[in-house]
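Lettered A, B, C, D, E and F in written order, each chain numbered from 1.
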Amino acid sequence: MDSSLILSNLLNPPIIFFFMGMFAVFLKSDLEIPQPLPKLFSLYLLFAIGFKGGHEIHESGIDGEVALTLILAMVLAAIVPIYSFFILKLKLDVYNAAAIAAAYGSISAVTFVTASSFLNRLEIAYGGHMVAALALMESPAIVIGILLVRLFARDHRTHERIAWKEILREACLNGSVFLLIASLIAGIITSQEGWESLEPFTGEIFYGVLTFFLLDMGLVAARQFNDLRRGGSFLLGFSILMPLFNALLGIAIAALIGMSAGNALLFSVLTASASYIAVPAAMRLTVPEAKPSLYISMALALTFPFNIILGIPVYMAIINHFWA
Amino acid sequence: MHPVKRIEIIASSMEQRKIVDCLEKCQVNGYSVIRDVTGRSDRGVVSDDFDLAGSTLSNIYIISFCGADQAKAVVAQLRPILNQYGGTCYLSDAMEIRSMNCVSTI
Amino acid sequence: MDSSLILSNLLNPPIIFFFMGMFAVFLKSDLEIPQPLPKLFSLYLLFAIGFKGGHEIHESGIDGEVALTLILAMVLAAIVPIYSFFILKLKLDVYNAAAIAAAYGSISAVTFVTASSFLNRLEIAYGGHMVAALALMESPAIVIGILLVRLFARDHRTHERIAWKEILREACLNGSVFLLIASLIAGIITSQEGWESLEPFTGEIFYGVLTFFLLDMGLVAARQFNDLRRGGSFLLGFSILMPLFNALLGIAIAALIGMSAGNALLFSVLTASASYIAVPAAMRLTVPEAKPSLYISMALALTFPFNIILGIPVYMAIINHFWA
Amino acid sequence: MHPVKRIEIIASSMEQRKIVDCLEKCQVNGYSVIRDVTGRSDRGVVSDDFDLAGSTLSNIYIISFCGADQAKAVVAQLRPILNQYGGTCYLSDAMEIRSMNCVSTI
Amino acid sequence: MHPVKRIEIIASSMEQRKIVDCLEKCQVNGYSVIRDVTGRSDRGVVSDDFDLAGSTLSNIYIISFCGADQAKAVVAQLRPILNQYGGTCYLSDAMEIRSMNCVSTI
Amino acid sequence: MDSSLILSNLLNPPIIFFFMGMFAVFLKSDLEIPQPLPKLFSLYLLFAIGFKGGHEIHESGIDGEVALTLILAMVLAAIVPIYSFFILKLKLDVYNAAAIAAAYGSISAVTFVTASSFLNRLEIAYGGHMVAALALMESPAIVIGILLVRLFARDHRTHERIAWKEILREACLNGSVFLLIASLIAGIITSQEGWESLEPFTGEIFYGVLTFFLLDMGLVAARQFNDLRRGGSFLLGFSILMPLFNALLGIAIAALIGMSAGNALLFSVLTASASYIAVPAAMRLTVPEAKPSLYISMALALTFPFNIILGIPVYMAIINHFWA
């Protein structure tokens, strides 16, 4: 396998600064990036990636592959939580199993952004519709997670009606998804001129903002390490092996429908990544019995670093191998 | 100066709308909200680390001074919300320094 | 009339994102841009527009037209509130009429910035002294508003002396006006080299920051819609027709003194726009009897969107028609 | 441990200077200020939506623990300010845990 | 509804870790933290002007509601920290509105 | 002496805006740049200066001069507080004398950044290792300051053990130092490609961010002026003459070991500048008897403006004179 991809990824500013953030916590430095600065960076990244995705869709148009990709993305986001749930139930109660399963069915936008900047660096093209896939994969897993609790938690407060309206709004219209879709649409409908006028903002400083943001993510991820220990080796193994398996599944499907190498990487990263923002927010409301510290720390302190540090270059190497 | 009750509510910022509606339903038209509160309870730690893009997972601290009867009504209305979504509420005593503001009415 | 100007304005990223912000509120998405991020964007925009204006004054010098424009700008800012007041008094009490009149005499810096970026896009030149006009028009309306209350509110607490010192400081030295004037002066006195060193900061990313800021303004404006209903149709009509009338007045004066097309647009936008920041702050102190929800919601939720969405391209079309 | 009064003042951030001066005039040299407080009163909603560039229209929450006599003086001094510019003030009881800090004097 | 003590601690944000540890050592598992508090004491003014890069010199405000016995333990533990590093602490009375949250246990 | 250097420095946007910030406070404008925006700017500046420094070290390698510079920098940071202490003790008690001495032995990163952008403007090269010197000079002065209190304060609570671990962590691993070193290392180990991808972020907008940050520093410095009065003329004199003397000492050493003109300026600025962030934080913990208002106001309201307004061009003129 092409280990130079891993090395070059490691020496990439965003990844270096992610490590620096982790070191800061381990060395007990008081470095911190206070709110709402991380919020600013993440708003910016969603805005930029959405707008660029929309512009590319505008350029390339929508065809059969695009539609198929989007449908398969949503199907995967619904299936992954189901088999994850049954694996997790071997060791956990229904509530925690369902919440973790939902997290792994959903996606992490930061992992996606990191993968797309990895592709930019290698000058491998990818379609703007992958951003649409990103937006569409956030919600199905949440709905499946709630249904799993309903079906398998016998003693669940069945007299309480689920506030589906509120949950679906949270799942489909939470700020991140909304901003992503809004930027995507803006990118599609804006004029060439409008696109060019934003280019210095969405393009040139993008990499720098990502670097700064990953510094913060390093701090945040490292702060979750303590919570990990309580999880035990079963959950540790799950946090690494499940994304790996999901990525391979994603690559297989990408190969089947003949995606380009760039799209295949993003597709595998979407299936491999786990949500630590939208899903926790939704689960808090609907499955308060599940421990947030558990699913947040797994998705954020293990799966996320694994994906951005090793996962992305490894998946790329596999894709390069089979696509060549 | 006359006695009032101080109601202090600490809850997830996602519940702000519901709590404020509940106050207003009880005719409590004076309250203040402090955002970006972190904390800990039996449910675990609440930090602002995950307040990214669309999500605000940190807490709010709502304080309201009102009459004893209103406070009782608020507590009754609030209890089911706190039971379902989490959040804590405390009552205590205070004295209000009445100020006479001119308020226009249309 | 040239309707393509309206359409091309609508497909411009800042305007698209303004709509997206409004949609987010209507769809009850939890998207928000928390403070002090909007403050950062507005500080940046004032800084950039002031510095650019100053640089252009430095290049072109000051002549008779410039002086005349600045004087007329201040005169207009003092006259508009007077006739607005008498119209408003038909339906409102003295306090609210005076406060709203002051808002419409004063200006909205965001509307001005949006208009100037509209001109940049069309590659129509404008003079840096228009930024000076922007700075000068904020205060006179506030003073007139307070005088109107003094003169017409019979039962007003006349024993209380007006704290003119505090009011004038708030009107002339509030942070926005100060930063604008400071940046203007900095642009005038800095060296060519100093100007170039800031160009990537004040120039290239300007459009992106404006887009982000208008996303927030869309959120904020839409949140004011509820308050509007209480205003009734008289105030709704006022919020649209008064800016239109004021813009036409501005265009007429611009034609009379022979301004260029670009300057004429900015001049009309200055007269047409209404303040929802500086004036409310000053009125709170001096006319506490007026309902802020009334004048803020009119200026922000109606006049502001009207101006940036329809007003600017319409005024431009009118100017194009007469200037041609 | 000895009894003190808790003074809580919520007012527009534009009034911070005036209120703090008033505290200091009454020899109340200990206070804390929380910014960016939103809220509602009979005068309407106060949000931080309009805190743009030079304007900060949101509220501040000032809390001060002091002796009963000082509290009385503060209330007397504060009343006209609150009447003119708005703002609310509440008094309640608390116990101070004395801490002995070394303070250098020049 | 049952009576509790309100503990209010205002200290430099650099002491947050120590204070929170002290609360947790006394089995006080419920508390809330407000950051970016400025203020003044006999030691001088504390502002957030110098909160640059790695330094956060402003204060935090920690509020915790707990039983009277726990409060006593906290005060005893806290006193030496406040004496050494500065910070103030106040106790007062409040009533807790019990909420029954379901909390999962693994 | 070359007075044109002083004038051209004065007309430089960062310096102009520093003055504007001071004026805003004197005129009682309500302009403010609320937290965490100043924190964002300072994080950015440390990140950019560290990363650029690292990249230059990567390009040029490390040689004897570099090692010698770093050693001398640390030695100076330890010696300056010692003689400062004995001068200050003429008028002050041990605690305040030691705290102020530590501040003047340590450095001000903002002064350094301003000096480096001054060099960029004049197109005078400097070595990336000067950033390493900046990072290394923060801690020694703090340790010396604490030792001075131990040795000279007879009545000091000697029964209390000094929490050296906590103090050293605060001195060597505080967020600013950590971010600077992390960025330096990142700049050294990243690939050419990684460097280029960040260039628009760390390079182009750098000057603009510095300008904005100095606007805030002007506000902050001016707010400290009241505290200055209490200091008396002895401390006023110290705040100007000590940096001047230290700068001359720095220049002499730079001449001795044959530094380039650019490095000599940065070296003199490091010795001349005084810390108003890291040292106060450390002194608060260890010498609570010292009045922060005293050493902060001296370092920030006098020494800092003196250095960036007059000091930097004057030191440059002296260096130009002798190096020619």
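Basically, a residue touches a chain if its C-beta (ideal position, glycine included) is under 8 Å from a C-beta of that chain, and two chains touch if they have at least 3 such contacts.
Composition by chain, UniProt nomenclature: A, C, F = Sodium-dependent bicarbonate transport family permease; B, D, E = P-II family nitrogen regulator.
As the structure is a prediction and not an experimental result, all values here were calculated from the model.
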item	value
Other chains in touch with both chain A and chain E	B, F
Of all other chains, the one whose Cα centre sits farthest from chain C	E
Farthest chain (mean CA position) relative to chain B	F
Between the pairs D-F and C-D, the one where more C-beta pairs touch	C-D
Inter-chain centre distance, chain A versus chain F - centres from mean C-alpha coordinates, in Å	41
Approximate Å spacing (C-alpha centroids) for the pair chain B, chain F	45
Whole-Å gap between the CA centroids of chain B and chain E	19
Mean-CA-position distance for chain B and chain A (Å)	34
Junction residues of chain A, two or more chains touched	29-32, 34-36, 39-40, 43, 174-175, 178-179, 200, 204-205, 288, 291
Shared interface positions of chain E, touching two or more other chains	14, 34-36, 43, 54-55, 86, 92-93, 101, 103
All pairs of touching chains, each written as two labels joined by a dash	A-B, A-C, A-E, A-F, B-C, B-D, B-E, C-D, C-F, D-E, D-F, E-F
Chain B residues within the chain D interface of the complex	1, 4, 6, 20, 29-35, 63, 65, 92-97, 99-101, 103
List of chain B residues in touch with chain C within their complex	14, 35, 54-56, 101-104, 106
Contact set on chain B toward chain E in their complex	8, 10, 34, 36-43, 59, 61, 75, 78-79, 82-83, 86-93
For the chain C and chain B complex, residues of the former touching the latter	29-32, 34, 92-93, 95-96, 230, 288-291, 294
Contact footprint of chain A on chain F as seen in their complex	35-36, 39-40, 43-44, 47, 51, 169-170, 173-175, 178-179, 182, 185-186, 189-191, 193-194, 197-198, 200-202, 204-205
